[in-house]
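Have a look at this one.
Order of writing sets the chain letters: A, B and C. Residues in each chain are counted from 1.
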Amino acid sequence: MTTATTTPNSAAKQSSGAPVIQMIGVSKWYTPEFQVLDACSTSVQKGEVVVVCGPSGSGKSTLIKCVNALEPFQQGDIFVEGVQVNDRATNLPKLRSRIGMVFQNFELFPHLTIMENLTLAQRKVLKRGKDEADAKARKLLQRVGLSDQAPKYPGQLSGGQQQRVAIARALAMDPVAMLFDEPTSALDPEMVSEVLDVMVELAREGMTMMVVTHEMGFARKVANRVIFMDKGAIVEDVPTEEFFGSPRSERAQLFLSKILSH
Amino acid sequence: MDKIVDWFSIFWQESAEGTGTYAYTLLLGLQLTLEISVIAAVVAFVMGSIVGVCRTLPSPLVRRLSGAYVEFFRNIPLLVQLFLWYFVLPELLPRDIGMWLKQVPHSNFYTAAFGLGLFTSSRVAVQLSAAITSMPRGQKMAATALGLTTRQSYTNVLLPMAYRIVFPPLTSELLNLIKNSSVALTIGVAELTQSARNMDSYTFQTFQAFTAATLIYLVLNITITAVMRRIEHGVAVPGMLVAK
Amino acid sequence: MFSNFDFQVIIDALPYLFLQGMVFTLKLTLLAAIFGTIFGTVLALMRLSGVWPLPQIAGAYVNFVRSLPLLLVIFWFFFLVPFIAQKMVGSPRPIPIDPFLTALITFSLFEAVFFSEIMRAGIQSLPKGQVAAGYALGLSYTQVMRRIVLPQAFRNMLPVLLTQTIVLFQDTSLVYVLSLNDFLGIAGKIGQRDGRLTEMYIFAALVYFLISFAASQAVRRLQAHTAIIR
């Protein structure tokens, strides 16, 4: 392992121009009394890897689900490649197909084979032909090391394998960015690393990523920035070195000490 | 042995209606039971699927309408529903249409089939929407996140699983439907139960007539249960549990 | 379309419809639900007893009755009960039996099958530890069932039992085929007599709807309030 503070993802440094994801003052209420997001603003540049962390219930999952409008929000704006997510005129299916998402519980479709899981949206949303979709799927399965699992069903795979399939399924859409919502939280400990390895590789290849996770090792290794959230607000949004070097807020310090002592 | 032959002999007697033997009368009844059931099952499946999906859509208006549909068909006895369609509806329609409706040939047969179908559709709708809502929320999210539209999410992701989940309860609904088709006799359809009664009223061999109908229903039940179980195992998803 | 809808016919018929018809229907529903639950519980215990041949007998009964239409069962019983009574009393000819009693016997025995499946599910959903704990305290089988298992199963399943009772309430309308004086039967007779079937059937549908709907809403509320004991 390289030293913690290096940022191998150099693509981020070079990028310029409009961010891939931009959030401006996003607020969300479940009920008038219960606010889950409080004026969150941040942006993710092309090729950048941003880790979002914070205690449970801090709103981090909700925040990244706002990016592809899986969660509605009442105030603020989100832009993906300049397209406004919260504009009624926006074609959401099209926008969503440009952002890959990986869920905590994999959410593979249990009635479809691994191959069909990878090709369904390619064909229905991107209107790719069967051969093209199949070829793409095979390439990606090979990349996550699961070529031989193509004809199987999700229920026949381990958790770690299912999550790697889920990553491949998202990549099959040629996304401009990937969102990860606690991708390793539902996994048995021995399967965490096989998923993280795939994610590290993806980061090093220059994929734009927004990752909600408690895996601080992953953050140190590949993240350009770390966002720390608490009670629905973004408390810290700093370069990785700075976050692990000198977390400024008390809450972040407490959180880090808890996480790292594990 | 003679006694048994004697016992059965009634079935080979020419029926009083003069259309063949009593065994033949019963088979005609069975045929009507099956025809009503097939039409009703199709109606129940189609309408139940539409209404069931509507009950899970976000729009409050659609939900309320589909909810009202279910409550209407669930809270009125089947027999009364058939009376509503058969005796009341033609009176409420404009005169000409009402008159025409009364003269449609076999209108009682179609009333029974569609009435039974609509009655059962509310039960199918409840099962299906329960299955859809029982699926992890993430499934719909994952489909949405991939860019599938609501319609595509339902046809490709939610419904294929939901139909597998509701397969066992739908099997028992199908069996219920076949049994319920006997209510058609109240509007004059000579389905299986009624043909047993007809045979009884001509021959006074009540025991034989009812026994024959009972056996036919039993065989029907066993056959359909076996077939549905076959299908259930055929469509089972590998890696997921199926009841043996 | 309601221009010649005759409300007076309904108003005139109200006492007869409710004091006689609905009383018949409700009495039949409630008594059949009670007897059905009792017999159903016995069937469930037989099925779960594991003592040959009790599970086989109960299972055969349940599966047999479940595959028959209620109408056919009604016809069977109205044919058979007088003969059974004749055998029991030793009378030279079949004894005519009160139609209400016959209907009650029919519905109790028929619906018991559905109540038994509910009770069986209720018993099976209890943790095995409950029975073990009962035996460990030195209770007998009867005591474990009566004091521990059945009360919990009954309480957990009460909403389902009540829902089945609403189904039973609707099912009782089928005694119409025997021209008994239940709610629907009387509505039909008056409608026929006065040539006002439209009014009477709409009214009957409305009454059935209101009662079933109100009852199922009440059950739903009950369900939300009673937490399942696990």
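Quick note on the criterion: contacts are C-beta pairs under 8 Å (C-beta built on N, C-alpha and C of every residue); 3 or more make two chains touch, one makes a residue touch a chain.
Note that the structure is a prediction, hence the values are computed from the model and not measured.
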Remaining connected clusters, assuming subunit B were absent and nothing shifted: A | C
Most central chain, Cα average position: B
Chain located farthest away, centre of subunit C as origin (C-alpha): A
Chain centre separation in whole Å, for subunit C relative to subunit B (CA means): 22
Rounded Å distance between subunit A and subunit C, as computed from the means of their C-alpha atoms: 56
Subunit A-subunit B separation of Cα centroids, rounded to whole Å: 48
Subunit C partner contacts - residues on subunit B that touch it in the complex: 71-72, 74-81, 83-84, 87-88, 91-94, 175, 179-183, 185-186, 193, 196-197, 206-207, 210, 213-214, 217-218, 220-222
Residues of subunit B touching subunit A in the complex: 136, 138-139, 141-149, 152, 156-157, 160-161, 164, 237-240
Of all residues in subunit A, those that touch subunit B in their complex: 65, 68, 70, 93-101, 103-105, 107-112, 120-121, 124-126, 152-157, 166, 169-170, 173
Touch list for subunit C against partner subunit B, complex: 1, 64, 66-72, 75-76, 79, 170-171, 173-174, 176-177, 184, 188, 197-198, 201-202, 204-205, 208-209, 212-213, 216
